[in-house]
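Below you will find the structure I want to go over with you.
Going in written order, the chains are labelled A, B, C and D, and every chain counts its residues from 1.
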Amino acid sequence: MTSLDQAADISDLRRLARKRLPRFLFDFIDGGAGAEVTLRANEGDFGAWGLAPRVGVDVAERHTRTDIVGYDSALPLMLAPTGLAGLFRPGGEGAAARAARDAGIPFCLSTNSVASIEELATQAPGGDRWFQYYFLKDEGLTDRMLERAREHGYRVLCLTLDLPVQGRRHRDVRNGFTVPPRLTPQTVLDAALHPAWSLGYLRHGVSFGNFETAQMGGGISTITQHIAALCDSGADWDTVRHVMAKWDGPVVVKGVLHPDDARRAVDLGAATVIVSNHGGRQLDAVPSAVAALPAVAKAVAGRAQVLLDGGVRRGSDIVVARALGADACMIGRPFLWGLAAAGEAGVTRAIEMLAGELDTALALLGRPDVGEIDAEAVFRR
Amino acid sequence: MTSLDQAADISDLRRLARKRLPRFLFDFIDGGAGAEVTLRANEGDFGAWGLAPRVGVDVAERHTRTDIVGYDSALPLMLAPTGLAGLFRPGGEGAAARAARDAGIPFCLSTNSVASIEELATQAPGGDRWFQYYFLKDEGLTDRMLERAREHGYRVLCLTLDLPVQGRRHRDVRNGFTVPPRLTPQTVLDAALHPAWSLGYLRHGVSFGNFETAQMGGGISTITQHIAALCDSGADWDTVRHVMAKWDGPVVVKGVLHPDDARRAVDLGAATVIVSNHGGRQLDAVPSAVAALPAVAKAVAGRAQVLLDGGVRRGSDIVVARALGADACMIGRPFLWGLAAAGEAGVTRAIEMLAGELDTALALLGRPDVGEIDAEAVFRR
Amino acid sequence: MTSLDQAADISDLRRLARKRLPRFLFDFIDGGAGAEVTLRANEGDFGAWGLAPRVGVDVAERHTRTDIVGYDSALPLMLAPTGLAGLFRPGGEGAAARAARDAGIPFCLSTNSVASIEELATQAPGGDRWFQYYFLKDEGLTDRMLERAREHGYRVLCLTLDLPVQGRRHRDVRNGFTVPPRLTPQTVLDAALHPAWSLGYLRHGVSFGNFETAQMGGGISTITQHIAALCDSGADWDTVRHVMAKWDGPVVVKGVLHPDDARRAVDLGAATVIVSNHGGRQLDAVPSAVAALPAVAKAVAGRAQVLLDGGVRRGSDIVVARALGADACMIGRPFLWGLAAAGEAGVTRAIEMLAGELDTALALLGRPDVGEIDAEAVFRR
Amino acid sequence: MTSLDQAADISDLRRLARKRLPRFLFDFIDGGAGAEVTLRANEGDFGAWGLAPRVGVDVAERHTRTDIVGYDSALPLMLAPTGLAGLFRPGGEGAAARAARDAGIPFCLSTNSVASIEELATQAPGGDRWFQYYFLKDEGLTDRMLERAREHGYRVLCLTLDLPVQGRRHRDVRNGFTVPPRLTPQTVLDAALHPAWSLGYLRHGVSFGNFETAQMGGGISTITQHIAALCDSGADWDTVRHVMAKWDGPVVVKGVLHPDDARRAVDLGAATVIVSNHGGRQLDAVPSAVAALPAVAKAVAGRAQVLLDGGVRRGSDIVVARALGADACMIGRPFLWGLAAAGEAGVTRAIEMLAGELDTALALLGRPDVGEIDAEAVFRR
């Protein structure tokens, strides 16, 4: 498998990304916190569930359209907010947002994107656009940021709660990863060995587009320093309520694993709870997203939507998530791998792969409408 | 282990096949859908069962004859329908059918065979011959095909229900596998490295023998395209009833994993239910055949026979299947590996290996008659 | 680890044996039947049990003496009957028997030994000597053999019940193993690469010492052919009773895994039941010895002794076996590896390793007397 | 990862230590008894527990101070007693003790240290200092040793109960490890390949600092011989009581896995029970420390403190231990790896890693005070 043509599934996109990116960047995407137990469990725990197919059903037509926080999405799928996407490809956020838009699914921009709120809106006009917000220490900064998002057509506000401090990602420490990448013999060699990426990078540079250099303290820093400088580890549910009040559209809460926290978020008016452990990047050894899902879905009890992210790599993962109570899934790494491998075409391919696998799964399950997927469609291995 | 002489078990035949076949063909046989979880489970889940031997029993004589859909088979075993067997060896279907006939066990020809219904009947006269049918969009084609099968002495009609659309087999995508094989630098090199296979192929060519080129849209296509063009993804239980009515001999239904589907098939008059997930080639993550067997056998409750295929690699697997309620087993890959490795002699060897292992197992279990195998003969690990 | 001096445990003796023996011989010792599931489980299932140590106990003196079928053995351990030991070292049976005698533990000669009943008695006078018998088709041969054993001081008769036919050992098929080794390019090369073994072999030759060439049909044969020619697959419990009646000393029954068979053996007057699956060499997928032990011990209920063999590799395995109801253990491969590695000194070392490990385990368990080991000493992981 | 700068977690310190130490020394630290099942379980069984995080909590301030046997420790962590630390770095015990002192956590000197009781007190004045005692055969020697410890400011006496005899550490046997290292071609080559260590060693030599050469029988010996010569395998609970009476400060009992032994120790007046299997170095196959902890904590029932050592490698392990009833943890290998890698700075780094990981875990768990960690903070996987 050497080209996008021969890429059969998401793992192939990952392989292509590995070839194109310097190691320290591939690791930044790929890696997780601590011993990466949760990272692996995010993918692996989907394997605890099997599919229960029925035969003798007319499956000539399949249906996958799904409401996501009020948007009629073509798939029960959307792109998760990911920082620094523009570091993997020049214009990365725009490419991803266009691919999502053209596939008819929502896209969420991260606080820590390379493209600013405004740039992204220009790079990818139209589509269903969300903005992900990290609690900032500076209230003025918060207000301006939400204001900018509202003005540029971001419909949904996504509050990420699982990052009061940055997780400990050992690969980044070992690689000496900083933003922008610091020049060391190791990183220079690494970049030299991946010229396709390096040329793009040298032509475009990289920074946290939503912040001014002054706000970031200027210069080179680790992500951990960036977060510690700007983010508010003192934010609590009151802060959540406070920020929610500043936004007049739907607010979703991301990073919930405990049913009581899910209940709390819904009580405060969250339109959706996103079951997520930040892709295994924050606290290692916490439950995988799919393991945490059933109890959260039960706690939410239909009072809000439930999304899930973390480890979704196949169409059947979406089936499992639906069967366990999620309305839809978000993907992080899968689209970043596609992006790193082949830009917008790569993101499109990632979405197509999952859409195609979902379609086949619905046909072979004998449940041609994704809305029919219920607990009977899966079984615990 | 380098020759058929030293081949001790089915895994050795697989190794020999791997040597002789171009990679894209070996993978076509060997591979499964998706992440190949079900493929591995088909084999692996037999390992969940142990054998409970008794000693002090006279086992001088062992008995393995078993009724299979009315045929007095020498073994509780038969060859499963497999498409394109003639691609692995010129005349492959004929070789396999003769080996089955000479071993006194049934053979089932696939809709998608290289040898046509008529050719196979000529290549391998006699023996117990079945025909496997995929639901075709074109009713006229269906009628002609069943007519041809009846005329040429196919006794049993096998309806495969688990292929309304083709499964997603990533190895085939990565290898760019088509029928006939498309010439790419990769496939040409692959073929050049396996001259024994390539010479045979160049001399004989390959096509889907039961279809005319026009019916297939002509030219090179992936199996997925072939299936999508000809097969009816709208077939349901009514279609099953409809086709059953066209056949006056016994009809068996293949591809059942759910007990309710098994009941349904028996209600419609199926002589036999074949517990199968198509060798893990259709929907990944469904239950392994052996895991699905007990509930199906219970649902059928003696109203019809139960066969199983998927992962049968050893004589003891047949013992386990019998103990869990199957009357007999079918094998797919094991005989294809033998065929690819050594033609008819290889198929004969595959059957002999399983027969020999079964014989030894009956002796060492202290249950010399395969008919005596019941739930006591096995235990759950 | 390159010499006996640095060998720390049984696995080191196995490594040394691997170096010294031609591959086909190492595999003959090391291998098992089928996929070697039971072979691995014999060792692995000991790992299902943990040890529960107590502290604050005076363990200055440890005691390991144990009655084995009436013999006051220095250890709860003895050497299992193994065919062809003399093939691994010239005079192998004698070396092993002397090592056992000098360690104060019983030794059991196999029907299929290289040294005959008489030769062994000469090579290793004294000690507690048993004779293992396979049911032979020829009653006259049986009578003579038992007569010879009795005359030469074999105290206990061991009836092996789990070999009505020979198991299917794939390694031996792949290696083309025969007795005496057939000369093929492969075996000759293999032998040439292991000159230490080959010289010994060339000087001494090898045959089944208890049979005359005529009885064996003469010439080269596989073990499977040898067994099929001489052994009686029709032997049943009546045959057991019949042979028992021919022996006036204690008779033990080897190869029992099912509690009902254990009960039957005791009812017929067996002094001891040996829980064994023939070291995983007969029927694959049967329970490991240690997994089968508790139910057998319960069935025997103190009416006879219980021994276990299969997978004993460490002193703690003996503790586990005792805790689960065995009086003592037998070892097969461990002493054969020692023998192949270093002759009598190697067997002595194998015994010493297990004795030393047992001694340390008793001390660190806070149960200095092996007789105190009960179910409390272990726990299920 | 090649330098201390890039070391991200304890496993990196281990890698650095492996590079710097001769193999026989690395193995002496790294290895365990028998098949190292317990060694692996010590680490692995922490993986049986997951963390249950809460969000929406103000975690701007985190608290880790913990009382350890009356000392106000900066962390719920201390350094375990380890023999021969001075062999891995000249002045090793002093370096470790200073690092502990400067981090504000206790340090425990081993009976078998290279630095004597007096030397350590000089090398590392101040800090909370404990002395670990092995039961010696010679009562006079005992009295003098306790006297020396008391005089030099050792506050707590730690009685290690799980070493009546030395465990069987196969790596040491295979490596021919002795104290001082015996000159063999193998050890000389090994040392030559690790010149940094060897130079330090040649300059400083090594011996058991708390014993006079005469007491040890002089010359080169294995640790097993050293222990057998000096230690009293007859010590029992009466001996414990007897030695406790000689010490007027707090006494802690180390090496308890069974709840009844824990109760016994507390009944005798132990201030603390240390759940430990000596880092998997004594009896293999005993429970891991973390597996044994809950039952011990329940048995102690608050009547004394409970510490745990064995397998603590991450901040989250400390969280798990706290949640299961331990007041604090000890680490052995982690600080020895740091010491071998980089002397005092390496020990400091090991402590900082665990402190930092613990801090992040408290933040991301939404439980900023280590005192709030209870059973709700973890879940059984």
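Here is the rule we go by: contacts are C-beta pairs under 8 Å (C-beta built on N, C-alpha and C of every residue); 3 or more make two chains touch, one makes a residue touch a chain.
What you are looking at is a predicted structure, and each value in this text was computed from that prediction instead of being measured.
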item: Interface composition of copies chain B and chain C: same or different, split at half; value: different
item: Chain located farthest away, centre of chain B as origin (C-alpha); value: D
item: Distance between the centres, which are taken as Cα means, of chain C and chain A, whole angstrom; value: 60
item: Separation of chain C from chain D, taking each centre as the mean of its C-alpha atoms, in whole Å; value: 42
item: Per-residue multi-chain contacts in chain B, two or more chains; value: none
item: Chain A-facing residues of chain D, complex; value: 1, 6-9, 12, 47, 49-60, 314, 316, 356-357, 360-361, 363-365, 379
item: Contact set on chain A toward chain D in their complex; value: 34-35, 37, 161-162, 164-165, 167-168, 170-171, 173-174, 176, 232-237, 240, 255-258, 260-261, 264-265, 282-287
